[in-house]
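Pasting the structures here.
Each of the next two complexes has subunit A plus one other chain: subunit B in the first, subunit C in the second.
This part shows the complex of A and B:
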């Protein structure tokens, strides 16, 4: 036999498709189609022709928001209330999250899997309830007290934050941490020197993201009566004053943008602090950020007139015992259970359509919404800013308010709820997908550009394969959130803001 | 190109393939200054320059075939590039290129399952399907055993010769430079301190240049 090294193999290897991946993909498409069918897209009337004029008036007011001094004053004080709730809620969440993360991190438990699993399971309970549901429960315990808003944000957020913080700590490459342990340092010192510094960027970034979420949650709590921008929004909406609605929406968007921009600036400073290398000095910007945060928390405490005494009052203890006593055993009446089952199917279908809309939209816009890695032309930068602002507006409006807007053009049912939730989730997911894209190593794509690949091909080969994993993970996480939010859309669509619907259309019963 | 680390070898290669823009002066690549070029014209020039990057810059999540086909993204329309991710296009050329680097049996493997040396060869195969006029290689032999390093450098030089162009490589091993190159340029702190045909040099000359016995 002669040397055959350079001869091609007799039978080229076959391309084996990953069957499981195709099965998952087709299954997902099937579920979306099932949900659309359940929402009546293929069978019934879904468009509401009568509402088009009203929608036109609503959309037409976008460029002429209410700017009279009296209303602006109301708007400003509402915004302050929302900010105060959001800041205190987020601060409590980060505090609880930091403590909780120690309790549920792999690093703490090591090989003791049972304890770790139980700790994780315990965290799932506060996470499973929506902030609005927490709000309603807490009103029963504490009465009308500012603590309700703060705890309704802080408790569920704290549980989520604890889980995410723990995951971030566990995902840091452990080489330097283990090396410290091997060199004889204690466990706490090893975490301080080997785990916290590499994780700090992620931890801080998530804390800032939670603050932005807290602003939105504070608005939703406002819708159910906690005051602030959400309350103002619902008032303006139910009195059909679209200019005022738009003013509220812009104020909300500005608050979200402020939280976003502030967080981004702090993260950038933390990644590359402006400190001299030859002597010990703190970065002024970071010091100012820390002091501002502390001042904001103190101001919020004062502005909401929060008193710790409420938490320990006798009445609180009695009410807590009553609510906890009613929580078990649950009602097992047959009729109730079957109606719950039917509504659960509706909820799932609503959330599936929502997440499908959001994922498709987010993937389509992620490339444009991401800050370009290198230098970019003015056209590209302008488009990027426009897309980011559009996404911000989409997520600044809470889903129940979106539902009311969608009800102008769609008949009540699962579909308007799904579209409302989808549009809102699109705004959130679009931002997350853009950030995932930005965090990818830019070099493989740069290498493709260097060999002459166009923007589309560079994106397909250099970005898409690497971004699919993180974006899918975000989409699944947001699906979980969407399921919880779809309960909220039903809660508010049928209840709190139902007066408007009754006035508007005889057929309306509100989205379920 | 030889020189201690930090001498500017990678920067020089980046200037040629357009990854680095000059802060002063201008660069002529294949007779053209890329600075004023935009869009299609720039892409056409870049497709004629092929680079083996120091850190390879392959996409680990893609199969080997797609990473090799990426060498043709400069000439493929976007639609064909997209369809190829579903049904790999131009398989015979990919297989021929992979056969030349002894990797034909791994064509449908995910790239991040390959070893460092195998990935290096995938990067070379990408160049083989790109067929550039000018071949740039940044430390192409860093992850390879001596025999393979010889083979890869031979292939790159052969590839450049097929298209009538040149191979510009930065190397850490003076012996490799002497065996495969016709001209050696030494850089220190961004300046050319040595420029001679290989025939005028000995391994000893280069060893003193690196400042350490090899």
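This part shows the complex of A and C:
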């Protein structure tokens, strides 16, 4: 932004097509078409119109959620458990992320590429396992213990956070860091005082995003029996009590919205501090936010009655040995391997369709979902809120539930799983895309509007070109997540590797 | 920390400028967490927060967690029970106090009910000894018993002695009720949960007996996850046929909540299903006579006693009967043949 403002390019940029981009674009289209063909879209019927009534029952119940006092009480106490898991899980993730970032940042490794690559590779392992799989593994080691939920969120999230934190630190302008080094300061001090302050905004913003994700993951853990809202949701879901399912979804959406609004307020404060410019005073709002966070962590710790001793208990060691013994050597018989290969193709096709659905949907709604830069009429603000709530609900309904209801109206195969994942990811990506749009320089659009362009043209030529980069980056990141999430849809039997994994769990305790 | 000269290193500047002003007024610097907002916390506040954390950690020691009341080393007299019923699980899981109270009153034991929804997790927890007494299905009971040497079946319901599954088809297929399962081979077909005895294992066995490949339906069989989901999917027509537990079918038919698009096709022969399974660690802790006492308790539940009736009702049972491990040999053998037991 500042570069554009301060130093206009000396020669006007030539408008020409970048060949590499075309190749990438056409390649992406080809992959999507291949996936759609694999899903049978061009070869036969995929829609099952007769299932509309069943789908309608699900959708119709959205307006009449279960509200009897006994159930609401169950929901309230479950929500507390979910909050506690999410807070502790996110806190652990941020802690691990901060430590891990040091291990994988380029700043640490400098020119030693091999070490850096190895460290990054090591991080990919905890990230590759879905939280639900972590949960099942940890149940085997720790038994019924609140640590299961906290670690199942904290470990994989910690690995993701470490990677993102390291990237954020590496991307900060290095002027002050280098200046400190040149002035003779140590490397640690140079990072603490030269890199950390300018990166802190991004770090905090990402930590808040992780909290919202942690709420949703805590629900997924409930599905495997770790308690909380997800537990209630899966109970009601297994007897298709849609009214109760919707109550759970609304409670979950409310928690996500709280995390989101809180995070947004903190970030806004960071971007535009209210303290007068001529003195360095503490911002009371931010102090309160930090204290609230600490208090929440303390409360969660107390509420879940977490005891660090469990982690080092004799029994934990025994069970860990048992699980490792069962997991090694991995099953390598030929039939299993060939079915894994075939299902891996299904999984990839499923995730490609899912991310295509999500990206198209997210880009279409990003403009509406973003908070308008200047003053906006009540109509525009109402539409914005409605779109944001809709996106929130899309991601508050867990993927397994989407998979079943989509399966009502689509014939079985890769497609229902893909659509279910796609709709869920749409909710997540829509939010990320809206945020990316808000971060853009508003001036090109304003200039177009001043020249008489309509809102659609302003968006197409003033916003879309610049939003493409960040939105594509988010889409690629969510693609990785979607591949992992296919485990969840697979647990329902909608195909892919997840189905095989679920079958493996049922057979014995060893992951295959 | 906020008083540290780190501030003046943010942007190189000459001395004549008042240092703070140009930092704070640079929007980009402020946005990325400028100096004014860095660590907006006093040392005192931070210490207080840390102290609160430590206090919470200490307080947590004396508290039982809402997600696991798993017995700490001191409480030897406690029996941890769990159950994952096939039908309306939410009803039992939310009224579990009834079961725990009834048992604890009759046996003079502390009984803690552990909420679990997932069979794989329940089998693991039974193996680790977190759950002492679990209401398992036929197949999951066998899986849990094979992983936990010394585990013994305690009791089954009256209906579990001769349990049946029901094959249903979508009315659109036009198939009349019949005992010939081969007509299902060409239909899109869904089982229930992967580890369900009545929704997966035994139907697969009976299909195989009639020469139908249990994995060979067009597009592969589906796994709906629950008996009610099977009903929903067959009603929608996404799957043209499916199979579910007879108990659920009877209850839903009586309620009138089955979609008219779903019609009965066939009823399987009888097999053994659900049972209570007791782990060896509980016997070590609570005495050799525990299995006998538990069997007596379950078989003694009478539908005439209002409190007992409530418990029986939660399990959909008329009464409980004794059972032995050999009742599940057939399930085990079929499980091995279908690769569900290893």
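Heads up, the rule we're going with is that the second predicted complex is superposed on the first by the 459 of 512 C-alpha atoms of A that agree within 3 Å, B and C clash if a C-alpha of one lies under 4 Å from a C-alpha of the other, contacts with A are read in each partner's own complex, and residues count from 1 in each chain.
The rule is short, and it goes like this: a residue touches a chain if its C-beta (ideal position, glycine included) is under 8 Å from a C-beta of that chain, and two chains touch if they have at least 3 such contacts.
Since we're looking at a predicted model, the values are computed, not measured.
Within the superposed three-chain model, A:476 lies out of touch with both subunit B and subunit C [touch as defined at top].
Applying the stated contact rule after C-alpha superposition, one finds that A:202 touches subunit C and leaves subunit B untouched. Here subunit B and subunit C are compared by how many residues of subunit A each touches, and C touches more.
Of the two partner chains placed by the overlay, only subunit C lies in contact with A:270; subunit B stays clear of it.
Once chain A of one complex is fitted onto chain A of the other, the partner contacts of A:235 are limited to subunit C, with no touch recorded for subunit B. Applying the stated contact rule after C-alpha superposition, one finds that A:254 touches neither subunit B nor subunit C. In the superposed model, A:461 lies in contact with subunit B only, and not with subunit C.
In the superposed pair of complexes, A:450 makes contact with subunit B only, with no contact to subunit C. Counting contacts by the rule stated earlier, no residue of subunit A appears in both its interface with subunit B and its interface with subunit C. Residue ranges of subunit C in contact with subunit A, taken from their complex: 2-4, 6-7, 9-10, 12, 18, 20-21, 24-25, 28-38, 40-42, 45, 48-50, 52-53, 55-57, 59-61, 63-68, 70, 87-90, 93-94, 114-125, 127-131, 143, 147, 172, 188, 190-191, 194-195, 219-220, 222-226, 228-229, 232-233, 235-239, 259, 261, 339-342.
Interface residues of subunit A, counted against subunit B in their complex, comprise 5-9, 12-16, 443-444, 446-454, 456-458, 460-462, 465-466, 468-469. Of all residues in subunit A, only 1-2, 48, 50-51, 53-55, 70, 74, 77, 80-81, 136, 139-140, 143-146, 149, 172, 175-176, 179-180, 193-194, 197-204, 223-228, 231-232, 234-241, 244, 269-273, 275, 277-283, 286-287, 290-291, 294-295, 297-299, 301-308, 315, 319, 400, 404, 407-413, 416, 491-495, 499, 502-503, 505-509 touch subunit C in the complex they form. Within the complex formed with subunit A, the subunit B residues making contact are 17-19, 42-51, 53, 55, 57-62, 65-66, 70-71, 73-76, 78, 81-82, 85, 88, 91, 95-96, 99-100, 102, 104-108, 130, 132.
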